[in-house]
Amino acid sequence: MNNTGLLVVDKVCKSYPLPGGGRLTAAEDVSFGVAPGGSLGIVGESGSGKTTVARMLVGLVRPDSGTVTVGGTARAARTPGRRTARLARAREIQMVFQDPYLSLDPRLTAGQCLRTALRLHGKEEALAGELLERVGLGEREARARPRQLSGGQRQRLAIARALAVDPRVLVLDEAVAALDVSIQAQILALLDEIRREAGVALVFVSHDLAVVQHITDDVLVMRRGRVVEQGPTARVLSEPSDPYTRLLLAAVPREGWDPDDAVAARSALVEATG
Amino acid sequence: MTALTLAPVAVRPRRPVGVLLAGSFLALVALAAALAPLLAPYAPEAIDLSASLAGTSAEHLLGTDASGQDLLSRVLYGARTSLIAPVLLLAVAAVLGVTLGVLAAWRGGWVDAFVSRLTDVMYAFPGLLFTVLIIAVFGTGMTTSVLALGLAYTPTVAKYTRSLALSESGKPYIDAYRVQGMGGARICALYLVPNLGRGVVGYLVVLFGEALMSLATLSYLGFGAQPPSSDWGLMVQEGQAAVVQSALLPALVPGTAIAAVVVSFNVVGVWAADRLGRRG
Amino acid sequence: MLLTIDRLTVEVPGTARPLLDEVALHIAEGEVVGLVGESGSGKSTTAKAALGLLPAGATASGSVHVAGADVLSLTGEELRRHRARTVSMVHQDPRAALNPVRRIGDFLLERGADRTRAVELLAAVGLSDPERRMRQRPHELSGGMLQRVVIAGALATPPRLLLADEATSALDVTTQAEILALLRTLRAEHGAGLLFITHDLHLAAAYCDRVYVMYAGRVVEERTAAALFADPAHPYTRGLLACSPTLGDTPRRIEPIPGKPPSLSDAFPGCPFTARCPDAQPDCSSRHPAAVTLPDGGTAACHRIPAAVPAPAERTAP
């Protein structure tokens, strides 16, 4: 799956200096590719480096080494100073953040939020109405500020804002984690639709294996900054080869599940790998 | 089956009586300053040497000073400079302080280090000394005093803004603007600063009383407002000589005005900053 | 019966509907009971009522009994003892329960454990190097470790009833599993009852003996966990199951429930789920459905379920 497709990530690394000396490896040699309209999941627990990878994709974190290529063009490690270059870069990859409240400017109404993005990219401001409609928001919501919207409505708006730029890749960082189950399902359906209709490639960062199985074709399992397993989602989640993937699967509650199984799997893993 | 009602607990903190009192007093002072030409019985600079150091009477409700100028009229007109000058001063400090604070928070690295050291150095100087230094170079007068004090207040505003901007610029909505491809200057000016507004304004309200006091001090020392202005600080200085002639009113009237307004502003300021801070 | 909540209605001024509307719920000793619902459904309010804790300015009718005591009429020292000894609550954010400037050891000693016992407790909840932990402060520990500390605190004076309000929702799945295994030992060793509040239907079904499903301040279905999964009766429960993605060999389509969870400004003369319900009939929105007893002993409140026997308001006496 590597080196083919729309988004190609090749051996990106990122580490941070620790206060007591030494370095914390947030991501090491992470490589993957996503085809147009494809969907890749990045799973792992807190501290696994999955969010760092997401932020490196959009340029919020600068990789120490490695490259991110979209449509054959490598993205510069630094945000370009020139306006046109910056906007062109933004049209490659957009992002939806975890917290739908903090990721929206509290002062702007939904309509203003979208018009700001459209204006920046020299698009018709009238498109804001269409975008809102596309994510299932109406006239009333267009005039509302984030605090007047529900969690699900906010996340729809955040998705609409990302789509306003007309990106080729959409990165979602725990984008449905904070939502109620029924709303989460609505957002997942919306993402599925966007992917099928606009051919936008999704990178779906999540700790929730069930959601990842539902929405992705390929998956990357990360632990402590390293990719421990990657491949087609169906294969990885049904016949995991890495003990850590097996642990993650054992920890997911389901019918007939016993938390002690997960505890045993964890001890086995700790004994095997430390 | 049990039925019970718990005593309702106030969800919003009530506006204390003190704040209400102080607020209405300030509103009254502002109104009086605005309507000074209508309310004042005399022109503020009208000299009547025959009525020098008169006590309270029907003609002069608050008495007169050594030159026989009506103190009520002077204090009413003086309210104008005494209220407007701190606003201008704080405006200068706000523009400079917010710019520096946001710059330091946004750029980080050496810019932050430079701005922080600069504000630290300015902090090390006593504010008044710094101001007097500037006045010594550029000459006395109200304009110089306002600008000099504006500069003296800049570091504290900058420091406060920097800490607000640091936490605000870490929020994902600012990341979202960057991901959209928006430039840093535009994000700061159009989206970051307006979201700091509440916090900064609350802080400035608290600083107002202090700023008024500093200006009055400069005028008292003879660096600020110059005669025949009716600035309160200047009036206190002029009235001081009369104290030895056992006429207390010329110093007491403007002095009380300063004290009452400063205390009221502090009461209202702390309450407002608290509210603005909590909401923002 | 350890906990019996009977027709509990809690109202606060300024809302269009009650926070809780005739909620009936019971927990036997040693039983793990799940409470499932979306935000604003009244899960936390129900749990807090067992502590005798109602929202500010609330009016309550109905009753809450824990181990025979009428909780809503407890005051002063009795109420304090009730909250300290009989019932314990573990929240989603352990930091809210811990004083940031005090040491972990102090937290446990305050709860009536002596030093030796405190170290034992920390070891029992799976914290490594318990002696050192005793001297640490909350900021030195991760969220999962702090949640273990809070649970150790709850074990210091084993409560008869433990309320876990989304206690594992913020944790990684592997840590969640460990905390859940731990909570289960509390039941095994002390016979404590557990009220397990979660938004995750699959977690509730996998971990609990019985599950209550709440919607808009009402209990809409109460079943054994197995029955809830195999044969959900209420359309809302069915909707929740159909819209939660599950791990499995055969990926199935998820069917979102349209609309959004009701807020406190929505009032419902009839069934609150009508607007989002695929089976709604015109009369659903005009009258409240009564809970009917299902053949397997569970209950569900839906007009579309043939009312064989209307459920008695209180099925079990304390």
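Read from first to last, the chains carry the letters A, B and C; within each, the first residue is number 1.
FYI, a residue touches a chain if its C-beta (ideal position, glycine included) is under 8 Å from a C-beta of that chain, and two chains touch if they have at least 3 such contacts.
All values reported here derive from a predicted model rather than from experimental measurement.
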Chain located farthest away, centre of chain B as origin (C-alpha): C
Among all chain pairs, the one with the most C-beta contacts: A-C
Separation of mean Cα positions, chain B and chain A [Å, integer]: 48
Chain A and chain C, separation of their C-alpha mean positions in angstrom: 31
Where chain B and chain C are represented by their mean Cα positions, the distance between them in whole Å: 53
Chain B-touching residues of chain A, taken from the complex the two chains share: 58-60, 79, 83, 86-91, 93-95, 97-99, 102-107, 117, 120-121, 158, 161, 165
Residues of chain A that touch chain C when the two form their complex: 45-46, 150-153, 180-186, 188-189, 207-211, 213-214, 234, 237-238, 247-257, 259-263, 266
Contact footprint of chain A on chain B as seen in their complex: 171-173, 175-183, 191, 194-195
Chain A-touching residues of chain C, taken from the complex the two chains share: 38-39, 172-178, 180-181, 184, 199-203, 205-207, 229, 239-240, 243-249, 251, 254-258, 260-261, 263, 276
